Each structure stands twice: as structure tokens, then as C-alpha cells.
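Two complexes come next, and they have one chain in common, chain A, joined by chain B in the first and chain C in the second.
For the complex of A and B:
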């Protein structure tokens, strides 16, 4: 149901550590905002787009993934031509596209497990301060991914119940039952977690 | 935060993801179909309260960041967060907290249905619309260079739809308040 955006591969980015990739993305992203020269930004775009397209995604899939953000960027590009100037519109569009391809490259070359491990490691200092348990993060993500298919099934059942009664599907008639029936399970799930001592108390 | 609060937040995140998977519906007089997911901020705040609601959105934003296509239309990944509208996604966390914070204070058991609905509506508008736009709009302006005044002007087009979403969210929040109250027991 939820397929990760990760793509198998052995490129330089695949082999880099998650922390280095995230730090690099942040630094390059911020640095591009200090550049206002369209030629330099165009070069940056060429580099990141080449990086992204060489990850082995296939052009169709590579484009399909980014389509919603590409549409947003194109929209603001057109708005900027009118409200600012074509020059400024070009600069900001090139910059946003360069960041887009870099961010998409990091996403496509990092597995979810590696990401979660890195986040858990970054949470350890918070645990030392007594603010939270680092392991709770992993538990919470596990719960979300575990219950998405269950809730989707529950939605399908509610949809059939509507059809059986000749009702049209409206958010106001489906949200209440969907949310109540899902959240009612929280007690038994929490008991099961505590009974197994997963949070270690 | 006890285990039950953690579980409630995680289940709510899962509900928000499922709301993004179902096809958009057309509501009343608004011609553009809306996705049920965009009501999530208001729903999370009014139903599970400030802290649990915000945690549900922290989990969602992290899932987006790690590259799961959990947003409506199969969007996900760092490119969404670092794109022009990434500020709205960050704004959801604070927006659900604000909605929850106000709901916890405005809405109580034993109030009349109308008063509860009014409290939920005020909380949804303040948290789900004002706070979210207050973070999303400056971000758009910073990222794209479009002047802030023009961004505000353009955003006005979304306000009627957002008010309609708040109206639907309060119906759901009231249904849960009656059927399985979670808001009064704060996390």
C-alpha cells in the first residue's frame, strides 16, 4: 500500500551516510539562496538534475514523482514573471528546481530503515535530558505503518455500508465512524504493548 | 506520555494517511474537489487534543521526510518539504497543537451542542487556518521570491474551502466527543 520512494542502486549517494546527505542537502539548499546569478543557478540545476536522473529511476517515474511540486514551481514562476520581473522569476525557478532534484535524490537513495535509525540516534540526546525515550520513535512509526492497511480496510467497509443503504459518500458521514472505530482500538493496543514490556517499564 | 497517548497519536497519523489515499470529493458549492486529508489538522486538534494531535503530525512530517508517499496524491519525500509549499506542512504541527490547545479550553462535557460546535469551530479556524497560513505564506514568499502581499492575496481564494472544511471537522469532532470522548483526558 505504501511503497517507499527508495530506489535500489550503488551510486555515490547510495553509499554516503544519511547524516552527511541530510547535512549536505541543508547546506547546499541554504547556499543556493545566496546565489542570484542565473548562470550559476542553471549550472547547479544541471548538476542536481543529472544526479537525480542517473539514479536509475527511468525518466517517466522520475518525472511522475515530482509532478505536483513541479506544477507548484511552474505556477510561482509564471506569477513572478508578472509581479516581479522575468529575470527574478528565472532565478527563483532555477533555484527551486535545483533544490528539488537534490532533495529527491536524497530521498531516492536512502532506505526508510536507515532514516529511522538516524532519527533514533539523533533523539538519544533528548533521552539523556529525560524528555523522551528514543526507542518510542521507532515504536510509533511501526504502529503507523502497521495500522494504515487496517484503517483503509475499515474505510472500504464503511463505503460498502453506505452503498448498501443507498447513501452517497460524504466526509461528514464517514469521518465520525471511521475515527471512533479506529481510536477505540487504542486501549487494547496500548495494553498489548505494555504487557509485552516493549517500552521497558 | 503514557503508552495509550503514543498509540492514539500513531493511530491518528494512520487515519490522516488513509484520508490522503481516498479520492477527493466535491463539497456543496465549492467547485474544486477537496481531499479529506486537508481536514486532518482540525480533526487531530479537536479530537485528540494539543499534545497528542501535534505528535500525530510530527510523525506524519517525519514519514514524509523519510520518503514515504503519505500525502494526498502520493506526494512524499524531502522534495515536498523543501519545495515552495513546505511551510504549510511544517505549519500543520503547530496548527494541530493550537487547535487542540483551544479546543481543550473552549469545549467541555455538559455544554450545549451549539456551544461545543462553536468552540470547535473557533479552535479549527484559529489553529487549522490562521496558524497554518501564518507559517505557510511567509515560507512561500521566501522560497519563491513572490512578494508577501501577493501571496496573501492569492491565498484568500482558499479561505472559503477552508471554512467549509472547519464546518465538517466540527461535525466529526462532535460525533467523537459524544461517541468516544478523548479530548477531556489531556495528554
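For the complex of A and C:
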């Protein structure tokens, strides 16, 4: 069962400040969009993939958690071969993969509590302008990180329930229950947040 | 706290979860028992204002659960029927820290408060664990620690020993017994509330009996039998 993307460890990424990691991710991500050379992009991919694989996740788990995104990238890669050109498809796929591994490394080495604190601090200027409550923004961000893996888990449970009853998996039998259980859970989480007075005073 | 229900009623459309109820509570330990669907959870959620009465009103030490909702929530803690739903952050330590942090505690004071409460409920070794790795009893204690650390005056428990084995029941019961706060405990585990000075029996959305633990349990057995 997976309820958090964080992996414990003491790597240099674990010890780096969240701000530095987020800033690094943004700068490198943007920089990669300026690079169009497949060899350079391939090298970037090699570096970020190595970084990610050395976090201590284990190769199997490392790929399992990225599988949906990897499939999506592969799909668009194939589409691009057809609608653009093989060369462009190659560069955009390499670029996306490099960014993906970097982003995955950041989420795997940062606890949600640290993310919430950092995002909250970064949003304080917006709060000063009267646009929003910084703490709410941080909490919202943390909740997304925390509960997205839960949705995948709930899908797995529904899949098992189907299998146990000898039913085949169809979108119409799985989507409804998935949406309903997600909304119900969202409700109970919202309630717990109220009851625990977590949204600042 | 002095809790007053003044003809408070809760409906969901046509369905009545709790018929208009008037009563006053101030005992340190209050039990709530009754069949499934009899209105126990609805009653508890009215107390801390998680739901608003459809008519009538509920006050705690004079604070109205609708008009003073924030103050009421801050003065009360709620342990949900499924504690896994109230643990929000993946690491127990981080989760316990959320409440005091929202109240402005930080740095060393925050760490100390979190450590003290974990020591108190003997869950210090769970600090770095994740909710899904904990047993039912440990989950209850973690949820309780996260509530107690915010120092509410009243704590509501919705079936805290449901699904627990005998050992964990004893653990949770001891934790509840040791609380200095006022507690309202909903339970199907009658042993848990048998010693309470005041126990309410709900039946089909109405208060069917209100008295001491032993009498209430006898009365509940009667209503359940028919």
C-alpha cells in the first residue's frame, strides 16, 4: 500500500532545503525546454534517472509509481512521431522523461509537512495582498500530494472487489464507485480538518 | 462544559436522524448507547457543531454551535468512527503537529508539545510510522494524541473501541479514563461506559433513557430484545 510518495533517507536531496529543490526543479525544467539537442537531452535524462534510481526506492517500486505517467509520455511520444517528426518526438520525449525523474526525486525526498510549510511561506506575499490565506494554500497543496496516491489505492481495491466476484472491469462499473468513494473520503477529510481546527484560527 | 440541547432536531430531507431533543449535560463522563442508526453519531456531531440543527439550538458553555461555530470547534475534539480518516499527514509526528501549528506554535515549543503528547500515550516509537502501518489501537491512540495536543475542554469519541481486540480495548479505555477533559463516548462496547455516571440510550432517533450506566445498559438490552 502506498499512502505517500516520500521515501525515508539521508541522501543529499533529502538534506537539501525544500525551497532550493523547488527552485532547482523549476530552473532546470525551464532550461530543458531551451535545449533541442537529443544528445544533450539524453545526457540530462541519464543524470536525472540515475538520481531518482539511487534514492533507495528499489527499481521495481521506482518504476511502479511512475507507470501511469510513463505510459502517458510514451503515448504522446508515439503520437508525435506521426503528427510531428521522429526527431521532434525524440527530443520532447527525452525532455519530459528527464523532468519527470527530477520531479519524482523531489517528491520522494520531501515530506508533505515540509511541502506544506514551504508553500505556505511562499504564499505569504499573496496573503499580504489580501488575495488568499497562505495556510490554506499550503494545506490544499499538501492534501493533493497526500490523497492522489489514495485514489490509485481505491482503484486497486475496486479492481480486487471485481475480481473476487468474477466481474470484468468496465469503466461504467468502476468510475461511479471510484468517484463516489473519493468524494465521500474528501468529505470526511474536510470534516476532520474542521474538527481538528487545522485551518488556522 | 455545560451542554444544552434546546429542542434540537436533525433531519436529512424527510428522514429524521434525531427528533427534537432537550437536555442538559455537564458530567465529566457521558456515555451514549443504542442500536445502529439510532442517532448516536448525529447527536455527537450536533454537540461540536459538525452539523447544524435543522431546528432548535445547541450551546456549550453558552456558545452556540451555529453562531460561535469556530469557538465551539476549538473547544472540542472529535475522534471519528474511523480514525484513519482523521489522520491527514502520512507521518504520525507531522500529523500530530498540524493542530498546534495552526494555533501558532512553532520551533522548539512545537516539538516539545508533540513529544510530550506522544510520550503520554506511549506512542513515541510511532513518530516516524505511517497510518497504514499501525494497528487499530495504535491508530486510535495517534488520533487521540492529535486531538489532546490542542487541549480541548471536551472530547467526543465515536465508537473508539469498535474493531479492537481485548488488549487494545483495554489500552484505549485506560487512555480515556486518564483524560482530565470531559468526554462523551459513543459505544457498542458496553463495558466501556458501564461505570459512567450518565449514559444516554438512543432509540429510533429519540432519547429513550437517561440515567446511570448500569440502568442504561439494562434498558438498552430491553429495547434491543424486541
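Going forward, the second predicted complex is superposed on the first by the 127 of 201 C-alpha atoms of A that agree within 3 Å, B and C clash if a C-alpha of one lies under 4 Å from a C-alpha of the other, contacts with A are read in each partner's own complex, and residues count from 1 in each chain.
The working rule: a contact is a pair of C-beta atoms (placed from the backbone, for glycine too) under 8 Å apart; a residue touches a chain by one contact, two chains touch by 3 or more.
None of these values were measured; they are calculated from a predicted model.
Asks: For A:135, decide between first (touching chain B), second (touching chain C), both and neither.
Replies: second
Asks: After lining up the shared chain so the two structures overlap, which partner does A:90 touch, if you call chain B first and chain C second: first, second, both or neither?
Replies: A:90 sits against neither chain B nor chain C.
Asks: State whether A:66 touches chain B only (first), chain C only (second), both chains, or neither.
Replies: first
Asks: Regarding the shared-chain residue A:169, is it in contact with chain B (first), chain C (second), both, or neither?
Replies: first
Asks: Once the shared chain is lined up, is A:76 touching chain B (first), chain C (second), both, or neither of them?
Replies: Touch partner of A:76: chain B, not chain C.
Asks: Figure out whether A:193 sits in contact with chain B (first) or chain C (second), or with both, or with neither.
Replies: After superposition on chain A, A:193 lies in contact with both partners, chain B and chain C.
Asks: Based on the superposed arrangement, let me know which partner A:35 touches: chain B (first), chain C (second), both, or neither?
Replies: neither
Asks: Comparing chain C with chain B, which touches more residues belonging to chain A?
Replies: Ranking chain B and chain C by residues of chain A touched puts B first.
Asks: With the two structures laid over each other on chain A, which partner does A:158 touch: chain B (first), chain C (second), both, or neither?
Replies: neither
Asks: Just to be sure I read the superposition right, which of the two partners does A:8 touch: chain B = first, chain C = second, or both, or neither?
Replies: Once the two structures are laid over each other on A, A:8 reaches chain C alone.
Asks: Pick out the shared contact residues on chain A: the ones touching chain B in one complex and chain C in the other.
Replies: After superposing on chain A, chain A residues 1, 3-4, 6, 112, 143, 185, 189, 193-194, 199 contact both chain B and chain C.
Asks: Over in the complex, which chain A residues touch chain C? Could you list them?
Replies: For this pair, the touching residues of chain A are 1, 3-4, 6, 8, 111-113, 135, 142-143, 146, 185, 188-189, 191-201.
Asks: In the complex of these two chains, what residues of chain C are touching chain A?
Replies: Those in contact with chain A are residues 48, 50, 70, 73-74, 76-78, 80, 82, 85-86, 88-91, 94, 97-99, 102-104, 128, 130-132, 146-147, 150.
Asks: Per the contact definition, I'd like the list of chain B residues that touch chain A in the complex.
Replies: Against chain A, the touching part of chain B is residues 1-4, 6-15, 17-18, 21-22, 25, 27, 36, 39, 43, 47-48, 55, 59, 62-63, 65-70, 73, 75-85, 140, 143-147, 150, 154, 168-169, 171-172, 175-176, 179-180, 182.
Asks: Inside the complex, what are the residues of chain A that reach chain B?
Replies: The touching residues are 1-6, 25, 29, 65-66, 68-69, 72-73, 76, 79-80, 83-84, 88, 91-92, 96, 99-101, 103-104, 106-108, 110, 112, 115-116, 119, 132, 136-137, 139-141, 143-144, 147-148, 150-152, 155, 169-172, 175-180, 182-187, 189-190, 193-194, 199.
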